[in-house]
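Please read through the structure below; I'll follow up with questions.
We just call them A, B, C and D in the order they show up, numbering each chain from 1.
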Amino acid sequence: MNEAVVKPYLQLREELSRRDRSLREKVVTLEDATSFVQDGMSVGLGGSTMSRTPMAMIWALIRARKKHLTCSRSIVSTDGDLLLGSGICDHMITSWFAQGILWGLSKVMRHHVEKGGARYDEWSHMAVGMRFRAGAMGVPFMPIRSMLGSDVLKQRPEAKEIDCPFTGEKLLLVPALNPDVALIHVQRCDAYGNAQIDGLQFMDIDLAMAANRVILTTERIVSNDQIRRAPDLTKIPFFCVDAVVEVPYGCAPHECYGAYEPMMQHMEAYVSQVNGDPVGGLEAYLGRYVYGPKSWTEFLELIGMDEVLDATRRGRSIYDD
Amino acid sequence: MNEAVVKPYLQLREELSRRDRSLREKVVTLEDATSFVQDGMSVGLGGSTMSRTPMAMIWALIRARKKHLTCSRSIVSTDGDLLLGSGICDHMITSWFAQGILWGLSKVMRHHVEKGGARYDEWSHMAVGMRFRAGAMGVPFMPIRSMLGSDVLKQRPEAKEIDCPFTGEKLLLVPALNPDVALIHVQRCDAYGNAQIDGLQFMDIDLAMAANRVILTTERIVSNDQIRRAPDLTKIPFFCVDAVVEVPYGCAPHECYGAYEPMMQHMEAYVSQVNGDPVGGLEAYLGRYVYGPKSWTEFLELIGMDEVLDATRRGRSIYDD
Amino acid sequence: MIEPHRYTANEILTVLSARQLRDGQVVFAGVGVPLLAATLAQRTRCPGLTILFEGGVIGAFVEPGKLPPSTNDQRCTKRANMVLGSAEVLLLLQRGYVDVGFMGGAQIDQYGNLNSSFIGDSLHPKTRLPGTGGGNDISSLANMIVAMKHEKRRFVEHVDFITSPGFISGGDSRAQSGLPTGGMFRVVTELAVFSFEDAERRMKVAALNPGVSRDEVQDKTGFELIFDDDLAVTEPPSENELATLRMLDPEHLFTA
Amino acid sequence: MIEPHRYTANEILTVLSARQLRDGQVVFAGVGVPLLAATLAQRTRCPGLTILFEGGVIGAFVEPGKLPPSTNDQRCTKRANMVLGSAEVLLLLQRGYVDVGFMGGAQIDQYGNLNSSFIGDSLHPKTRLPGTGGGNDISSLANMIVAMKHEKRRFVEHVDFITSPGFISGGDSRAQSGLPTGGMFRVVTELAVFSFEDAERRMKVAALNPGVSRDEVQDKTGFELIFDDDLAVTEPPSENELATLRMLDPEHLFTA
């Protein structure tokens, strides 16, 4: 790697000190939010696999024709296909990258990584989490006890094996990961960016604290009064957040806990289209579903009311007990 | 220190593997729960200052005449007076130890520590938290950026200064703290020990994961069904917990978030009694309020219905908005 | 008597894996057969089995017919005791709260090392596989049960790439690498159940499945197998096991 | 005109400390005068001031007449934007989210080092003080405002014990110790407002409070003071500041 693996502390502090941390409204459109992501940036993605994927924001970034993004996420699903296949990202940092266990390998990932067009840095799942956590805590590393002895470690000279100064045991230090910007989708937040997350949080809280900027997309924007009535439900504080975008069904065709499950017909059709032809199939998909629609709502129309409503019925059912 | 500062990993794992982690009911009486605490043990206390202090459990341990306990807590208030003054604890690990900012220094703490009868190991507040966190994570240390350059650090050779292998920066490694047993009071949990905590969590989640055993006291025991309907509200999982004791007003005269604020008349009377005579005054207090009552309920009667109801009215008011 | 043709290879695999679990254990289960087998155990012999999922779930109780498509989907949280962060649930492994790690495998070797990263040379791979996910963490920190299809290309002398460590190069090499705890406990396939011998830590056949011969297992294995002196024959799936399994996975999502 | 006798020493201390804060800042406030002064600033000039408390509170909005007896009490969470763990709120300092740390002090020296641990020799102390609490973390990681009573025994050449580091032994000794960020910004007392000169990092008088002479400040200080070339005189508390303060603390809990 050419750049330093870990940002020096003074740089980390200096970058944060330049942000406006005041209590202010920051609601913008999906299109405007794309200006927070510049070519070449390191982008952390919230959610995991098919859950709470910031899909609308990824969709908008593809439409805005970003370039050379390095993306990190706990586990990558079809979001990764779109990022690599659209050409906006050429470097993935994750622990697992396929469309989903139901569909086997991702031919899109294989095409780009095996041909050398894109890089996939593999870390263990916990290591990805501890890299975000070190970043969130403002320290250069976290010690962990996995990855040792494996070939996964041999490919990651960025991590350092040490003998523990307390116990003499072997430990691995994984370097802090502080993305330039994080994209996180939540069930609700206020106009300042105070966010509530229902159900599975994945690594989103550490990611929000680790990143130098955060773009929140949200199913709905609620009043600050509502946030202040239950402050122990706030999971991301407003001063981490730089932009708030209200995008109902912002994870489609993936799921958003308690709101909708994955839209599996769309997913099935996607997978058979792109795995049959990982270049042409993906291009055709992007043309029809990403570049084609005038708006996110028009994309949802292409998925279809039937499937959206069915996903909603299934999503809400988690609270039926 | 004679013992190793940090438990070797194999010992940590071996101790945990001996615990029964199955899903089983573990409701016991306050008296029975004292059997989980043996003389000489390291005991972590939940809550902070006058909030969610596991006072009923401390009260029961004093009555059970435990000896030579080492206690750790984020910030210590009158709970520390009782622990030192009763003679059950002779070693405190914390960041701040006084009755409360309103009353100045604790004469009881001063008497025991200045005379050399008890030891008070001072760490920064964050260092205490990171020691529990390292313990919770199963690693021997956490890196931090405070305490450096201070005399607090000079007194703590257990911590190790290093040059960061990634950045060359100075860092402090604070050693994991894995108490033998943790005492934690919560608003509600089920009979298995799945616990919900409202409002301020302090360091309780890390403490629960770090400790080798956990005794939960709780305002009320709810059904496992209720827990399972909102699993994202569970803060401590059942398999960390060894005993569950239902003790309404189990933090009295301290507060329990959303349930009752501190009982300040009792606190004021306590402080003036013990600070006037840190030995005799405390003995008299123990005789009347700890050894005297037949039960925790009788102790509450001594505080008085008026004060208990007033504290309850103030405590619940946090939800009045 | 149940005849072998009355169940699929994946069904016997799931049933026999489920039998490896004990009531009261805490099991960290991967998606697919492990998730299904753990749920089967919970619904039959082990009502007090606590299932963890990588998405951040403790004490899941998956609904019949609503199997989650990954361990990060909301279906995994149905009637769970706790939902927590992904890093937090993985840290439970490191702290020592997990009795058994339970995963599938794409390629395994005689020392129980698993590969889910590369087929061929990792610099110029024939196939870039999905990668470790939580597999490396689980197998580094817990005692492991692995459930997988038995094919010669999957049971190899040395994996192309150690994604999830078993006993590495055998003997005490695992502990020497910095992994003093955990390790392979059982491998279950549709043909046999395997354990690992104590000295060299090589895979050995502990039991043959009904109707399977030593030769058949050896023929479908890419390295020389050791057979236990007390080689057993597994009990075939019971009516109750099969009925429960089919109730859980009526669409044969994981048992095709 | 407001006369000096119209306010107490703690009231002017609180008012002048409050004036050091700017709208839009994130301030980590200790209990007592800092909590009160931050709330006063929020209720007067700085509606967008975000107050953090050590108990685990972001964006507190303390109610008049209901001052919390510590920063770990539920009253601190009233109408807060977020409640989180104590370690988490302290880690915000380390990550760099805090503009100003705001504390009281028992003993301070010419380099802004604070002692709240020991009076006398730490091995055989005359007095064991409460200890650091979050003070060490706050002063190690943020720019600091300290509000304290001005007494000769509190303003000493060298503190008995550095609990919360200021500029340690001056110059670049703070950065050399591993603390490259933060440091003392202002000290406010009932007599004067102090800053720290750039080279040696020694305390200097930036402004005298109304009616206070250079000699009076020097007499009540245990080391030789530097006076700023542009020595100012602070504006006395306004009617609005005093009225708001008295509404917030009608029982004079922190302003006696």
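Following the convention adopted for this analysis, a residue touches a chain if its C-beta (ideal position, glycine included) is under 8 Å from a C-beta of that chain, and two chains touch if they have at least 3 such contacts.
Bear in mind that the values here come from a model prediction, so they are computed numbers and not experimental data.
Following the contact convention of this document, B is the list of chains adjacent to both chain A and chain D. Comparing chain pairs A-C and B-C by the number of C-beta pairs in contact, the larger count belongs to A-C. Rounded to a whole number, the gap between the C-alpha centres of chain A and chain C is 29 angstrom. Separating the CA-averaged centres of chain B and chain C is a span of 40 Å. Rounded to a whole number, the gap between the C-alpha centres of chain C and chain D is 58 angstrom. Inter-chain centre distance (chain A to chain B, centres taken as mean C-alpha positions): 37 Å. Shown for chain B are the residues in touch with two or more other chains, namely 9, 138-139, 144-145, 169, 171, 199-201, 228, 232, 321.
Chain contacts: chain C has residues 57, 77, 79, 83-84, 91, 94, 180 touching two or more partner chains. All chain pairs that count as touching, in label order, are A-B, A-C, A-D, B-C, B-D. Every residue of chain B that touches chain A in the complex is listed here, in rising order: 4-6, 8-9, 138-145, 160, 162, 164-167, 169, 171, 173, 175-176, 198-201, 228-229, 232, 321. Across the interface of their complex, chain C is touched by residues 48-51, 74-75, 77, 94-98, 100-102, 105-106, 109-110, 113-114, 120, 122-127, 129-130, 132-133, 144-152, 155, 161, 169-172, 199-203, 205-206, 255, 257-258, 261-262, 264, 315, 318, 321 of chain A. Listing the residues of chain C that touch chain A in their complex gives 31-32, 54-57, 69-70, 72-79, 83-87, 90-91, 93-94, 117, 122, 125, 127-137, 140-141, 161-165, 168, 173-174, 177-180, 253.
Of all residues in chain C, only 23-26, 48, 50, 57-59, 61, 77, 79-84, 91, 94-97, 99, 180-181 touch chain B in the complex they form. Those residues of chain B that touch chain C in the complex are listed here as 9-10, 12-13, 16-17, 20-24, 136-139, 192, 194, 209, 224, 227-228, 231-232, 234, 237-240.
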